[in-house]
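The structure that follows is given in the form of structure tokens.
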Amino acid sequence: MMQHQFSSSDGPIEVTLTRTDSGYSLAGHTLESTGDGRLKIRLSNGRIAYAHVAKAGDVWWVHLAGQTYRWERIEPGSSSSQNEGGLVAPMPGKVLDVLVKTGQEVQAGTPLMVLEAMKMEHRIVAAKDGVVTAIHFEAGDQVTQGAVLLELDE
Amino acid sequence: MMQHQFSSSDGPIEVTLTRTDSGYSLAGHTLESTGDGRLKIRLSNGRIAYAHVAKAGDVWWVHLAGQTYRWERIEPGSSSSQNEGGLVAPMPGKVLDVLVKTGQEVQAGTPLMVLEAMKMEHRIVAAKDGVVTAIHFEAGDQVTQGAVLLELDE
Amino acid sequence: MITKVLVANRGEIACRILRACREAGIQTVAVCAPNDQGTLFTEMADELVVLDGDTIATTYLDQEQIIQAALSTGSDAIHPGFGFLSERAPFARSVKQSGIIWIGPSPEAIEQMGDKMTARQTMRNAGVPVIPGEEVESEDEHEALAALVEASERVGYPLLLKASSGGGGKGMRAVYDPSDFLQSAEGARREAVAAFGDGRIYIERLLNGSKHIEIQILADRHGRTVHLGERECSVQRRHQKVFEEAPGPTMTAELREAMGQAAIQAAQAVSYEGAGTVEFLLAPSGEFFFLEMNTRIQVEHPVTELVTGTDIVREQLRIASGQPMSCGDLNIRGHAIEVRLYAEDAANNFLPSIGPLAVFRPPEGPGIRLDAGVREGDEVTPNYDPMLAKLIVWAPSREEALQRMRRALDDFVILGTTTNVRFLRELCDAQPIVDGTTTTTTIDEHWPNGWTPTPAPLLEDASLLAAAAGETMGMHRTTTASLDGESQGLPSPFSTLNRRYP
Amino acid sequence: MITKVLVANRGEIACRILRACREAGIQTVAVCAPNDQGTLFTEMADELVVLDGDTIATTYLDQEQIIQAALSTGSDAIHPGFGFLSERAPFARSVKQSGIIWIGPSPEAIEQMGDKMTARQTMRNAGVPVIPGEEVESEDEHEALAALVEASERVGYPLLLKASSGGGGKGMRAVYDPSDFLQSAEGARREAVAAFGDGRIYIERLLNGSKHIEIQILADRHGRTVHLGERECSVQRRHQKVFEEAPGPTMTAELREAMGQAAIQAAQAVSYEGAGTVEFLLAPSGEFFFLEMNTRIQVEHPVTELVTGTDIVREQLRIASGQPMSCGDLNIRGHAIEVRLYAEDAANNFLPSIGPLAVFRPPEGPGIRLDAGVREGDEVTPNYDPMLAKLIVWAPSREEALQRMRRALDDFVILGTTTNVRFLRELCDAQPIVDGTTTTTTIDEHWPNGWTPTPAPLLEDASLLAAAAGETMGMHRTTTASLDGESQGLPSPFSTLNRRYP
């Protein structure tokens, strides 16, 4: 399960991708990579379309069937999304250490997990006080960007 | 000084590049990278030309001013080139250890240097008996592919 | 004979001219401002002179420096393209005085046509109909405004204010109500002074519901002045053309001949040489009125080339060399449409936009021509005009050309910078475009509250899937091999963007 | 009316037809062999049916499977393109019997023209001149060869052996000396049996010094049969066309009219419908002789489209729908040249080559059309014809078209697979091409010992610099981000190649 947040004029949009055998799906559309930088999408109406994507700054640009969309991504590490409950991996990497246990009470600022990515260590820190309700990975696991690492309840 | 060997119908061609402020030179032509995958060449006659290059297998393909050239590279680690005197780096990397000294007699198979590249260690080994006449790098140095690491005389 | 041309321009028109010269076996010199180094046109010339300066005035408008560049490179001709120095008579004169061939009309013809008032007088004398109107000239702002108010009463409403030495919509205001007049006149004068250093304002009657029709002219030194038929360029947003076609969808053979002859008279009245365009307003009544003459090649020349089978830039080179033009009798065939691709936010009042052209993939297929000044990986900067390219299609009929344009715009992929490509695509479905009944106010009437894209919820959802999957798969990140141990970007559409991680 | 077309072909002609349908608002279905999945044309259709089979015979030539695909997708028409099933009368008949519109002539017309002998007889009856020659038909190889030797004496030398149901140079041999005859005849018969399952051989007098001129025909159900002028396709290597142009450089209006009328007679003799081509040999004497009729769209149709201002595929769709064709009177303007880009080693007897299209950057600019079936990143495999694309240019004159073609070929960048692009470029400088005096033996005469590229030592040295610098800078290596922790290639021209290090 991969979560991402994008901003829109109607407020943040939360996108939760479902992993399929060969790619991802959302709202009845399924997607796989073509290997040449495009994404092949089977729309929910059965049509096939090829998306070109590029990221510039925090914005994902998507061209699809004559339409061009810009989606500004809200960083998972930013305060607005960290309060949503699930704590998601800010980048793909490897879990080096899990510093808390299920049921443990934590305070804002408590380190929860250590992630290694881009040859650097990153500490995943609680943004608010709460209780750890679930831990989805253990040390040594590979995680994708956007993967929900653990869950925190107020 | 970077050496590469390419094969041609007239036998191997040895190419020794000279490093310039912004690129490389050879036979009066100078070259720099454009940053978009092409190479900008000032030909010895003063004209500017842009080369597209790509490597497929061991062959470098070069398009330049309407001509397309194929240059099959002879691997520096292969026996044919290792006998030329200089031992060149088979890939860019970092010198981890120098195992011999200038003047030292070595036998074919003696490890001379340890190189780290592509996250792996590679031992540079003497291909024949001889005497180390020069060592161009020390531990910790970065080396380019084709850089002459040390020299061996029979 | 011309053997080496210096192109005193940039972007897509410089590319167009440089390619034509190369095909003609003529050597080329490009000049560029320092901030244009590495852009497409600078690589197309045999030689490049980087001008010294950091503003347009000290580079592309620096007459002295450009003539010096021509002399020092041994260029025997200068092609000015459009904009910049193309209609500056003193520049044309200096070029000729330096012993260099000027690829364009004489300085005198530029002067006579460059000034709207003189042009009107010349046209009236040549028997070409002109719109009711008059010019106001005064150094003093207060006096000028008073005179403008007086003149407005004689011309009548609605009216149009234009900078006398203007172009490109600058210093232009439409006024429908006398109570708005003063504010509009002040604004127009301010823009005119700022843009052209010339505060003269011309007032003319605004002919609403009219079509903007222009006639392409070619004249050589061997006694031949011909017209290449019309272009209709009615579709404009903020007085900037955006959709141009040839032939005009409502044109008749008789009207074409009448307008063509009027244009030839206009050209002959100033002993015109080379390529030029005579612009007319075509009123609903069928009457047409002279607007102005552009004494240079025009942005929209490709539609004329495609329907008449000519190469206007090659003809310019021939004419300037003293050769007769090569084109034969007028032979209009099929239909061509050009749209101008701007880096602008059409949904936000056409505000210019900037950014990287992270992906720039033009459409492919028969009957499609792209005159571009950019390529994938370029950065759109605020330094120059936001026009990135012109997309032109040709097809046997207008209906097929519109179908082809729709397909081409759907296939045009540009990511990283906001462009008007979707606006252009939806424009192709607007009823006045489909019917060919466009006028200069079509866009304002069709989208009275401004344009916003028609929603496509299915695709919007799917695009979110693509963005989220792209993020998950890390499609924006790539680490690359080293140059002498240093980290160095490799060619990838993504590597030139940014890396979010420290 | 046609609402959904299944395109029973692949590569560039499938792309050409699919784009035309899309512009016409017609839905499309592509069919492909499993090893063609992911190639360009398969992405252009609204629907894709992957055929079941691993040979050409069990996929693109599987009539039953293709008709089933049309029926199951609700296609109301089939466009066969060229090659494959395009000239198989039984297929055309089955398509029609299945209630599907066949975009092409009637099965009877295909039969009458598909067999060279019947075609010659039909033409003779229609008063169209044919070359002296005769056909030999025998199941038994020994008998057939004996009959061929006899016939060869009647026809005279030099002569040409051709497979009766052949095409594309297969089963074709030129024989100049009787002592070579037997070996050539055996070879021709062997190839004919292998390629077409039909050992009939046709012998005709070889008219050396002749031009290959063909006339494009269109015929609709509303009583109109017109010709669209000629193409000259004399320039061939191993009986494969490689350089085609329109109009013919030595053509006169009178000869065009005579050949055009002969072609119309040929078409009318078989009640032809749709697009077709009548091929002639034009002898130095000015006499012309019927060669054969191709009852389908042809590879080189774009040069005719560009000089006549027609869209032949759109006309095919109209005609098959029962509508009148839309093209008007013949109006030939300017000059068009097409070259065929093959994956082959021109310096090594035109041997086909394979490999990745690591870089594939077509030339840009006005007057250039590319009909391609591939794109950057594709792999050229030995499975299909080595033609990658057709590069077509148009210009107002032949001289300008040749100039444009030279520039376009110089700018065409293809790396990773050997192509004939440099051969084509040097062909543009060959004197018979420059003069327009090409004949069917031009290439053999101009390069009697085979073609080798003209050396360019300066560029060769500079290319070594580029290769060595590329290696030093590691331009071929890139490591990439991960998909769910697994290492995964990212889009880069280099990442699809190989990585030499373990």
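Chains here go by letter, A, B, C and D, matching the order in which they are written, and residues are numbered from 1 within each.
The rule is simple: a contact is a pair of C-beta atoms (placed from the backbone, for glycine too) under 8 Å apart; a residue touches a chain by one contact, two chains touch by 3 or more.
What you are looking at is a predicted structure, and each value in this text was computed from that prediction instead of being measured.
The chain pair A-D and the chain pair A-C differ in C-beta contact count, and the higher one is A-C. Using the average of C-alpha coordinates as each chain's centre, D ends up farthest from subunit A.
Centroid to centroid, with C-alpha atoms defining each point, subunit A and subunit D lie 51 Å apart. Annotation: 40 Å between the Cα-based centres of subunit C and subunit D. For the pair subunit A and subunit B, the distance between mean C-alpha positions equals 43 Å. Touching two or more other chains at once are residues 33, 37, 92, 144 of subunit B.
The residues of subunit C that reach two or more other chains are 472-475, 481-484, 488, 490-491, 493-494, listed in rising order.
Contacting chain pairs in the structure are A-C, A-D, B-C, B-D, C-D.
Across the interface of their complex, subunit B is touched by residues 38, 43, 46, 48, 377, 481-485, 488-491, 496 of subunit C. Partner subunit C is touched in their complex by these residues of subunit A: 2, 4, 6, 13, 15, 17, 23-27, 29, 31, 33, 37, 39, 41, 43-45, 49, 51-58, 60-71, 73, 91-92, 117-118, 120, 144-146. For subunit C in complex with subunit D, the touching residues are 15-16, 19, 22-25, 302, 305, 309-311, 314, 326-327, 331, 333-334, 364-367, 369-372, 395-397, 400, 403-404, 406-407, 472-475, 477-484, 488, 490-494. For subunit D in complex with subunit B, the touching residues are 355-356, 358-359, 361, 409-411, 413-416, 418-419, 421-422, 425, 453, 456, 458-476, 493-494, 497-498, 500-502.
Residues of subunit B touching subunit C in their complex: 19, 33-38, 47-48, 50, 92, 94, 142-144.
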